[in-house]
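Okay, so subunit A shows up in both of these, paired with subunit B first and subunit C after.
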Partner chain A sequence: MRYLKLIQIFYKNCLLVDLEYRANFLINSVMSVFWASFAILGIKILFLQRDHIGDWSYYEVLLVIGLFQLFTGVMEGVLRPNVTQIVEQIRLGTMDFLLTKPVSSQFLASMRYVRVWHLVDVAVGVGICGYALYRLQVQVSVWQALLFLLLLCSATVLLYSLWLLMVTTAFWFVRIDNITHLFSAIFDAGRFPVTIYPGWVQGVLLFVIPVGFITTVPAAAALGRLSLGYAVLSFVMAAVMFVASYFFWRFAVRHYSSASS
Partner chain B sequence: MIRKYIALLKASWSLTMEYRVGTLVWMLSNTLPLIMLAVWLSLAEEGPVGNYAPADFVRYYVIVVIVRQFTTAWVSYELERQIRLGELSPKLLRPLHPIHEHVAIHLADRVFRIGLLLPLVFLVFWFYPEARFSVDVFPAALAVVTTVVAFGVRFLTFSCIGLLSFWTTQSESLSDLYYAAWVMLGGIIAPLDLLPASVMHIGFYLPFRYMLSLPVEIVLGKVTGVALWQGVFMQLGWLLAGFLLFRLLWHWGVRNYSAVGA
Partner chain C sequence: MADIDIQNLCKYYRVHQKEPGLAGSIRSFVARRYKDVKAVDDVSFTIARGEVVGFLGPNGAGKTTTLKVLSGLLFPTAGEARVLGFLPHKRGTDFLRQITLVMGQKQQLLWDLPAIETFLVNQAIYEIPATAYRQTLAELNELLDLGPLLKKQVRKLSLGERMKCELAAALLHRPRVLFLDEPTIGLDVTMQTKMRQFIAEYNRRHGATIVLTSHYMADVTALCKRVIIIDHGRLLYDGNLETLAQRLAPYKIVSIVARAPLTRDQLLRYGDVQEVDTFRAQMRVPRGHSSEVIARLLQEIAVDDVTVEEPPIEDIISEIFLAGGVSS
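Up next, the complex of A and B:
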């Protein structure tokens, strides 16, 4: 409860700051719509040649693109601003102040900031998903809808854990903009359903850098073509990564000896 | 001038070696051509796409990756930062135009990247003999020349966008837009002959084809005869246009530039 209240205070603070920069809202909206159209044009080129990619039709791929856009928004709006701050604090040694606060350091480091205007991406993503589902005329049962929402939550947890794992390496490497850039580049593979990639790449995208669980698996659930095994696996992956990132963070903090001391 | 440049290149080479891991990660981050290759290969499984069989896609994207490593440029972001933070001011006092520093670091970076890349390319052709191909001396030589010019076009037009920071704080977004158009119309999302003819009709006049696709088309023999010389002519046109525009923007920009805190 205390944490929820803190989040409320933090986010209100960030909202007030962002309201000072209202022009950014316009620019972010334009860029978000632009990137979404870019992604859609990209698959249009593919569908000029074929009416299916693997066994995915145009609107089914569009659903994946929508989820990709949504989670890009989560990454840019909720995760990246915190990462930038942590890296800066580790570099300057001001991490000390954060560690002495009477709440979980992981919570403070990873949930403190939000960039409100980047949440436009989330809205655009939800819009694309909605349009794709409407055109597909899928009959979603209550169970399917529930599973879809649960998988979205597990995807969010997974994404959060991956970012936390990356960020934690900053305790040793200090500069990690290369690592996050590489991650974004691999995350790009999530624009397409993972089933179209060759076998070993699929393996990597599911179990090494589990992008597949973030876009493809929830989409498959909404389309009613997900086997129960993958759904369970998705929850297990999210849980394992969350616990792993939690312990990695604790390990790193214990070995942290501030800057220049 | 030549002696200054040699000194600059030496310094840039040391800098490149210092940041070698970073450069390596940047190279690894060029995943988009590989993602697109995988997607096109999965489409080509059912039969050729346009004129492209699976081996043609592999060949095409291997060459795209090489030309891309040769022509990559991040100068607009550097200029944007230097102008915004005022780092440009002291550099303006030096006897050498500040842009040469960026040219030198890009050139040194080329040597490093190609050194890493060529063994990988040989491995691909070794393990995937279907993708091997032969090319005559003339197109090969022309491809090398157009690759160098392609770097020139990319470097100069990106610099122009970076220079817009003299007037706006949003040049980074403009760089992103320009980059996205290049991904779409430069030959990364798809070989250009798989795009709709109407799009390519416009694309012929835009700079994007001349920053990546043209040398690839030449080396694969996709563009010959009159079309080849039209392409080369357009590319040289964009090189000149980029150069003149850069001179103009620089001249105007520096005149009304007052750095932060100055």
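Up next, the complex of A and C:
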């Protein structure tokens, strides 16, 4: 309850700040539409040559692109601003204030900021998904829709945990720009269904850096072609990563010796 | 029971050593060599409820490290620290609710928003009921004169105004133990005085236990009856401030500007001459006799200006350091 209240206050704070920068809304909207169009154009060209990539048709791939755009929005809007702040706070030593509050420091550090205008990406992503599903004319059963939504939640948790695992290393390295750039580059692979990649790349994208669970698996669920095994694996993966990120954070805080004043 | 109880506390850091120059950098990139730095080394003391204690020492003495151990930010390497009966490093909710940490060089206020927004965040974090929140805010408002500051964006506040808001933000939950790490750093003299008055008044009203570090002697003399001095992580003095000043700085510093050029010999009978520079001179005069010495001096030498000062804290402390501690 208290945590919900806090999120409400935090997000209101961020909205207040972001409302001061109206130009950002415009820029982000343009950028979001631009990148989405760019991605769509890319697969349009591919599909001029053939009508399937792997066993995915044009609109099926479009659904994956929509999900990719959605999670890009989540990443840029909800996760990255906190990462930037955590790095700053470790560098400046103001992390001390978070750690002396009677609330989970992980929560305070990772849920504090939101860049409201990046939620445009989420809206664009939802739009693309909606359009793709509409053109595919898939008959989505209640059970499928529910599974899809649950998989979206677990994908969000997974993405959050991956970012947290990454940013926690800042307690040792302080500057982690390179790591986040690397992750973004790998995350880009999630733009397409993982099944189009060679076998070993699929393995990496599912079990080493589990990007596949974020875009491909929910898309497959919506299309009714996901085996139950992968659905379960998706939840297990999210749970394991979340627990791992929780303990890694605690471990890091234990070893934190803040920048001396 | 003591609010703060430290027994044989040690905190060592491992730092990597770098040799100078590029070659040294490359060598340390390949194979780092580490060395233990004893930031706090076998320190013990207790602080009773409601006490205001000044923590003194030069930069790097271990003051901040001790405060960080006490507020739960650092794990002790050895020994034990207890605050309000809790082990701080466990960072239990019940413990954190009753303490606060203010750092003069770091800020918790949200930079782009008015201070009141940070207050509301803290209200939610500490789960302060609306009535208690209003009451506390009204009181802090009265003591610190926050009024118009609260609605201004923090980045538009002056350093002094920001510090007032920092203090208020840190006290909304009415902590029983306050750790203030150089709360007056960078403030002008008037603002420093206001801060001291506030801290003293807060202590008087709420009986809060306060541990304060500062580089300014005036902060400590105005607020603390008791001082703890550490250097290189070791406790050098723990006791009454007055006896410390009298014992270790049994003199005041008198500076004069004369109308005629001065000579060292001419001044020797007034005190221990430190410096003579044609018209200006500085000397140490025994603490108890300063007024009569100055009276004599004014009669005998044509003087434009006289100032009498307490010796700077750094001097007193460095004298303690030279002596390697104080036998008590």
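What we mean here is this: the second predicted complex is superposed on the first by the 260 of 261 C-alpha atoms of A that agree within 3 Å, B and C clash if a C-alpha of one lies under 4 Å from a C-alpha of the other, contacts with A are read in each partner's own complex, and residues count from 1 in each chain.
The definition used in the following text is that contacts are C-beta pairs under 8 Å (C-beta built on N, C-alpha and C of every residue); 3 or more make two chains touch, one makes a residue touch a chain.
Just so you know, these numbers come straight off a predicted model, no measurement behind them.
By the touch criterion defined above, A:Ile9 lies against subunit C but remains apart from subunit B after alignment on the C-alpha atoms of chain A. When the two complexes are overlaid on their common chain A, residue A:Ile209 makes contact with neither subunit B nor subunit C. Applying the stated contact rule after C-alpha superposition, one finds that A:Val138 touches neither subunit B nor subunit C. By the touch criterion defined above, A:Gly54 reaches subunit B but does not reach subunit C. When the two structures are aligned on the shared chain, A:Met31 is found in touch with subunit B, with no touch to subunit C.
Shared-chain residue A:Leu41: touches subunit B; no touch with subunit C. Of the two partner chains, neither subunit B nor subunit C is touched by A:Leu165.
Shared-chain residue A:Tyr197: touches subunit B; no touch with subunit C.
Applying the stated touch rule to the two superposed structures, the subunit B and subunit C interfaces on subunit A have no residue in common. Within the complex formed with subunit B, the subunit A residues making contact are 27, 31, 34-35, 38, 41-42, 45-46, 48-50, 53-54, 178-179, 181-182, 184-186, 188-189, 191-192, 196-198, 201.
Those residues of subunit A whose C-beta lies close enough to touch subunit C in the complex are 2, 5-6, 9-10, 13, 16-17, 20, 92-94, 96-97, 99-103, 108, 254, 256-258, 260-261.
Those residues of subunit B whose C-beta lies close enough to touch subunit A in the complex are 21-22, 25-26, 28-32, 35, 38-43, 46, 49-50, 170, 173, 176-177, 180, 183-184, 189-190, 194-196. Residues of subunit C touching subunit A in their complex: 13, 64-65, 68, 71-75, 91, 93-94, 96-97, 99-101, 103, 105-108, 110, 112-113, 117, 120-121, 124-127, 181-182.
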